[in-house]
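Input: a single structure, listed below in structure tokens.
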Amino acid sequence: MATKVVRRPELTFWEKLYLPQIYCGLKITFRHFFKNLGLHIAHRLGRLKHLRASITYQYPEELRPLMSRYRSRHRLTLRDDKTPRCVGCMLCETVCPAKCITIVPGEHPDPHVEKYPIRFDIDLGICVYCGYCVEVCPEDAIRMDTGILDLAAYSREAMRLDIHELMDPELRKPVNDCSLTFPHTCKVHGGDMKGSWDGIAKTAD
Amino acid sequence: MPKLTIDGREIEVAQGSTVIQAAEQLGIFVPRYCYHSGLSIAGNCRICLIEVEKFPKLQIACNTPVGEGMVVHTKGDNVEDGRRAVLEFLLANHPLDCPVCDQSGECDLQNFYLNFGLYDPRFREHKVKKNKAVELGPHVMLDQERCILCSRCVRFTDEITKTGEFGIFNRGDKAELGIYPDDVLDNAYSANVVDICPVGALTERDFRFKARVWYLSSTPTVCNGCSKGCNIDMHYVLDRPHLNDGARMVRVKPRYNANVNEWWLCDEGRYGLGWIDKDRLTSVRGPSADATWDDALSSISIALKQSGARIGVIASAQLTNEELFLVRQVFGKGLGAQVSAAVPEQPGTSDDFLIKADKNPNTAGATLMGLAGDGASDASQIVDDACAGKLDALWVFGHDLAALFGEEKARQAADKVSLLVYSGTNENPTAALAHWVLPSAAYVEKDGTFVSCDGHVQRIGFAFAPLADSREDWRLLLQLAEKLEQPFELRAPQDIFKALTEAEAAFAGLTYATIGTHGVGLATEAAAP
Amino acid sequence: MTELLITKVILAGFVVFAVLNLAGLHTWVERKQSALIQDRIGANRASIFGFRLFGIFHGIADALKMFTKEDVIPAGANKTLHTVAPFFSVLFSLVVFAAIPFGPTLLIPGLEPIHLQVAKIDAAVLYIFAMLSLGVYGVIIAGFASRNNYALMGGLRATAQMISYEVALGIAIIGVIMVYGTMDLGEIVDRQGHLIGGWLPMWGIVTQPIAFIVFTTAALAETKRAPFDLPEGESEIIGYFVEYSGMKFGMFFLADFLETIVVATLATTLFFGGWQIPYMAADGFHFPWGWDIPIDNWLYVLLGFLSFSAKTLAFCFVFMQIRWTLPRFRYDQLMDLGWKGLFPIAVVNVVVTAIIMTVMGKVG
Amino acid sequence: METTPKPETMTAEVHASGLETRDMLLNIGPAHPAMHGIIRIVAKLDGEQIEEADVEIGYLHRGFEKMAEQVDYNGVMPYTDRLNYVSPLINNVGYCMAVEKMLGITVPERCQYVRVIVSEISRITDHLTCVGATAMELGAFTVFLYMIKAREFLWELVEKVTGARLTVSYCRVGGVKGDLPDDFAEPCKKAFAETRKVLEESDQLLTRNRIFTDRMAGTGVISAEDAISYGITGPFLRATGADFDVRKDSPYAVYDRLDFDVPVGTTGDNMDRYLVRMEEMQQSMKIVEQALRDMPPGPVLVNPETGREIPAAEMVDLAKMGDINAFSGGCAVAGPTLEGSGRAHQPSIATDEKRVFLPAKEDAYGNIEGLMNQFKLVMFGHGIRPPNGEVYFPVEGANGELGFYVVSDGAAHAYRVRVRPPCFAIMSALEHMLTGDMIADMIPTFGSVNMIGGELDR
Amino acid sequence: MNNSGMIEAVSAKFADGVLASHVFRGDATVVVRRESLFDVARFVKDDPALSMNFLMDLSAVDYSTFGKGPTPAFFASSGVAVKPSTQIPDEDPWPGPGYVSEKRGADPEEWRFTVVYHFYSTTHKHRLRLVVPLTEDDAEVDTVTSLWAGANWLEREAWDMFGIVFRGHPDPRRILLYAEFEGHPLRKDYPVNKRQPLIGPLN
Amino acid sequence: MAHENSFLTSKLNDAIGWARKYSIFQYPFVTACCGMEYMAAACSHYDVDRFGAGLPRFSPRQADVLFVVGTISHKIAPVLRTIYDQMAEPKWVVAFGVCTCTGGFFDNYATVMGIDTILPVDTYIPGCPPRPEMVLDGLMKLQDKIQLQHSTGQHPTRDPRPDFDV
């Protein structure tokens, strides 16, 4: 058994006087301070752009790269004819631990498709982003790769996505307050969908 | 009587039976697709392979007759390898339809694959395409691709209904199931082929895409479509109202009962239960407006007390024995009313198999209770009395007077009496005429017993709670009795049944436990009508 | 006389204006400074007409918001005291500045020489102590009047802490007073302009280094800022102002910053030569190596004022840096430090100073 | 503070001197800044000294154990994420291994290494949060932010592997969701370098700082005997000098093959706990580095000739039309969230027991057997059906022994899932540790408990 | 000491108290009569060969619906009852929960709860599980608080969640739920959704 | 707030709205997992202080926005409500994470199914837990709402505070 007794630092007399350690601490904080200040100034002057002055990602102007596996808002994938690939097998509705998926299947005119979802709602207000729906989908019909992160809403209803929004991530319902109406758009991308899949692929390292 | 050993256990079975039957008696399950206890043996699916000692090859259990001293192994690597190979073969051309197939969840291909299949797929060829979504008749849909050609449906139509619509056409991997040209699968038992189909080839049109089977809950109950009393399983879904158009009851499957219906169920009974979720009465309606149960029962009981014995009650053979008993006690014995469950109904269609002309499930029970049959008063008499002004109060359980006696007479009766109470499940013209409308629970929403035309006492299972504000008739009767100040010391159908068995010789000695899920014959021979 | 009054009023107005603005700016500096320490950006999104100016407007937003915020007086609180407390805090912090000389004497032709000091008090040091001590009442009253256990504990802690450290603070300054022989801050500053050995400015930090350390530590404790922020002790007891909302809370906030500035100005005045710049005299710079740069009075005053401001700001900056570096003391440790650490040191310092002065006096 | 008791509830007593003193009852929590997570401590104070403390918990009781009885075995996974939400991966691993023990199956070696790696990363994030939060509550806000910064770097790793930062749902009964990304060692190295830097800075800012050591040393002391009697495990116990570590004493996964030290303390005070946690982070990084070095290689190409990449959608369409030979042997390119779970990866990260683990994506999309398998494992009432039994499986959670006691009745959902939450035992000893200390000592003591509501209250 | 050794040691000492014992998946289990629980617990703690100084876990199980889950609809398909087939066969089956009744000859209906103790010994590095079956009407067992301080909260939790009474417990209060809560939520007959809010919904 | 259409009033309202939206003192009612992401949002990588919301006040009196972070159980619900009542006007409530929005998947005896059943909610931030970006987005939406409410004078009047004796 390899145990290692942790050594409690014996403070020297000097250290017991507080001041040397305060000095040490200040050294670290000052180092950060001046490094960052210097870099900020350098950035203003257009220099040293490759070094980050602060590690802050200035959302929404600057998006932190999402990892490729990151599970973000769902979307339904489409066939070539712009109909959803989903056949309404309801495995996702079954497996969903939060029961946030509601599917009503209907009969598709094409006998080789047979079934399609008349209604496909995901209540983001309940969804726990476990990704089980993607994992069990036997048709590759649902994915969680939109990278959409601006999901806050003013009401419970606004968090519920219907099939149209799921099929077309660019389609965003105007955000409605109880009595106020105004479109909330993300200023960076001019109201477009943020971080489309292509965008993510590029930014992900 | 040959004696044989299956998996190390000895059993003696009747001469001529097959190994699969012997194994079944031992409780050993041998997988099967084509074999069905109710049908002749075809032996073409070959999934039921077993190993018999001293036999060179694996045998099919369904068509190997038992022999004296046979030693059979239904498990083991050899057997499972064989079965696995059969399964792989059966699945070779099977389409990837689980997502759209209504059978998934109760499909024996799925079950057996995870039971002993578990092989890595090797099939790399083009699958043969056949017709999908072929409408065979009003109730059944065929998908030829999914069919494994077990021929159960062919045998069913040949042997049970003797209509012979099905056939298997072509040869080799082009072989496909179908019905003969210009034929329609519309016999009275057509949907049974869906039940016996081990895969998703035959599916119900009524159930198509309504829900997934794994969402369904099930309760064993009895069909109330006719007096035969076929045993059924009621499949329902409660927690997903977006499915099945919000209806709770999803489908009905026959339940095996050797004494009543064996494996089968007629289409009429199977599809005759839509009323459970449609056009139901949901609230108590008073003379002018909706009311509460308490108000309704109070005012009704006051009115009944005032009417003295001038009360007519048209009970119904749709009621359970317990309720009929209470009707008799509360109205007949308690208030001295005229009570009858004998209504002049037109007999329906019938055949010599499962469909009976008497469409009431409990006529036999009503007769035993003395509310119908010989010597019982007649409902038409009550209505006549009401029209003649001899009655002050009329209580109708479920029946539609207009349909039975004509609209004119119904209206007349309603006008003459000062109190017309209708208690039933669904909206009908009589409900519109009634002063008080009391919504009652449908039969799957309550517990109780029926007596079939064969004198079989069967319990109807409680599946789900009564819809909205409706109440079970027995509860309503108990509460009414309380209001009438003749309370019973009874709380539940069990108690009522106990009281009933004490009062009626025909039921003597029965309890819910002895009835079980399969029912029992009546205690006295004479009781059977 | 009127002239004097007008001058004083203008001076006072200037000081109040400058100090309040400084306090406002302080919040911004603190946010930005902490952000830089912590590799962050800090507040930067509030904009006026599209200008963001590194988030400087966030302070304005804070103030404006606090003014319009509902003022809640808890049901069981003493209404009068509850209302008075924050004013106490701010008032006593503000009046201290009256005694601080923030520049040399300004000579405007036709006018009396103007001392850049609102009130030239002979015993300014005592005055400052008195005012700083009064400042504690704001805290005590706040803690007491809120009728909240947390506030009460905060108030108690604040009282104990401030009273204890006042002692060390006072004794530390005695050394300074002894060295410069006066209690008039203007005088003290003037005398710090002297040179030792002809080249070393006679600043307090030179003559009284120990006193400086004791003073800064104790003064930090007086300001109730980290690592001495026990009365607020955000994560232990929310603080004596737990029941304050709106602008009253804002005033405590303000008082907090004002106290920091007070301490910074005091440290500047007592130990860093106030507005003095080494080798700068009223008529110009006289460097020990012989250079002489004559300057005008206005430049002299301006440089003196800037020097004072720069030193004060530097102190504020360092105080804040300390605040963002160190963890908090525990109550008993704080008391230990005060009574067993700083107090004896300060006393010893006084004694040693006295001895040295006596010796030097004898020698000199 | 919102429920501070009224003065009547304070007890008055008269001293010999005739002066009346009242013990102040201070209600700390449920909503209190130091109570990250919510508990309530009713402290009876004598001045600043705590005379009595009554610890009340349960404010975050969300019925984990009841919910675990409602959903199938894999469905419990998201709930376990939210037990100890600072180190969700250890919970995942513990639960999975408990169910696997019941099933009597083992997972491939690489999967075990993966589990060790993610557990240890999680342990670091946990300790960072714990130490950081303690530092913040002691006023060292900057240290806290540095630690959270380091945690962000580690979460980047977690996100890269699992697809989520915090609620990962990464493990599955019989394996893990996806293999590590191909180039995982590289970012791992980078993140660890950052973490080490931060740890070193924090070490300088805290460990040798007298203000900090004074506050930590000698406070919240508990002896080894008491700690054992309270059932305390993990860093908290080790700080007292007892060297119990599940990873060493009943090794699971591949811990017995890895070389690491168990840091132990001497006195069992807050300082020791702090130091033990700091050292454990170093050890965890060492473990991850070893595991990355030792672990068996990842994906095996199923069919080198035809193993070409086919978009999942196309594969589904071809399969639906029966055109199996058009894609057989190919690997499906599914959505990015399913990365690392294809057939090529599966043998190394998941058990080959088909009744437990979902089939490879290629099988689910491309052939009927896989599709049926997929359905059978998902449909209600089918799913994973272990035999009857009860098992207890302990893993070394970030706070101590995290045990899962699972009872199965053969159904598709667990009959009973019981969690042995490590900080429950520690919290039960909190009263013991607080009594006699000052109110300000409550902060580091409580901080060093690393109370996680989700785990404590479940 | 290995699993069987531990079981033997306990069984030998308490011939009457031990109802049954088994090893399942490497976990040694001893089923103990309620009356002798405290003695057995003290024995396993103090016996130098066992020296279970850790009470790792204490919880309860409500066996009232064991193996009696509702029958899903799909059981009766294709005219033949086929059980869902993913169940994994077990080479080494678990003897419980009927193990208690086998020895007693009593109906499993008779007892409803088991209180489960998990012990660990740091000296010997072995684990032992004690199981104490209890009936519904008389769900009481002696407290072991005097042996392990940690049992205090664990027993409170078992009371809170299952309503099992620990005789002699120093502080028998609810721990996770609030005092106003009625019933014991982890009992199988407590509906998962039955809420007892302290403050009602808005409006 | 009396609303008049005069230029001055509306400008003043704009200004107050501006001030309030960039000076958000939050009361973090942190109970559970979401707290970790709340920390992350406050930390250097995301820095909620950029929006002027970097100063958590642990006294409800001084807070403007109540961040309800994490599952609210029935046991804690009265405390939450009390804190809300103690806050000084104007105040806003942010439901942080699905447990507070709707109850999430802890649909059982112990949890409140959405805090909007016990107090009014202004902004919902779904996610389990929401990524810090989502939090910042929610904060921006809250800022929009604050500004808009003041510009249009529609800040809802709430039920009067009960006189809590604390």
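Residue numbering begins at 1 within each chain, and the chains themselves are lettered A, B, C, D, E and F in the order written.
Here is the rule we use: a residue touches a chain if its C-beta (ideal position, glycine included) is under 8 Å from a C-beta of that chain, and two chains touch if they have at least 3 such contacts.
Quick caveat, the model's predicted, so the values are computed rather than measured.
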item	value
Any chain that touches subunit F and subunit C	A, D
For subunit F, the least number of touch steps when starting out from subunit A	1
Far-end chain from subunit D, centres as C-alpha averages	B
Chain at maximum distance from subunit A, centres defined as averaged CA atoms	B
Chain whose Cα mean lies nearest the overall Cα mean	D
Inter-centroid spacing, subunit F versus subunit D (mean Cα positions, whole Å)	29
Whole-Å gap between the CA centroids of subunit A and subunit B	51
CA centroid of subunit C to CA centroid of subunit D, Å	48
Junction residues of subunit F - those touching two or more other chains	44-45, 47, 50, 58-59, 75, 86, 105, 107-110, 116, 128, 131, 164-166
Contacts with two or more other chains, residues of subunit D listed in rising order	1, 4, 33, 58, 61, 63, 66-67, 78-79, 81, 142, 145, 149, 152, 167, 205, 209, 211, 316, 320-321, 355, 371, 374-376, 379-382, 457
Residues of subunit E whose C-beta touches two or more other chains	72, 74, 84-86, 177-178, 185, 190, 192
Contacting residues of subunit F [partner subunit A, same complex]	44-47, 50, 98, 101-105, 107, 114, 116, 122-128, 130-134, 136-138, 140-142, 144-145, 148-149, 152, 154
Subunit A to subunit B touching residues, read off their complex	87-91, 94, 102-107, 111-115, 119, 138-139
Contact footprint of subunit C on subunit F as seen in their complex	15-16, 18-23, 44, 47, 49-52, 54, 58-59, 61-62, 64, 86, 88-90, 163-166
Contact set on subunit D toward subunit F in their complex	1-4, 6, 30-33, 36-38, 58-63, 66-67, 78-79, 81-82, 85-86, 129, 145, 148-149, 151-152, 155, 165-167, 453-454, 457
Complex contact set, residues of subunit F against subunit E	74-75, 77-78, 81, 107-110, 112, 116-120
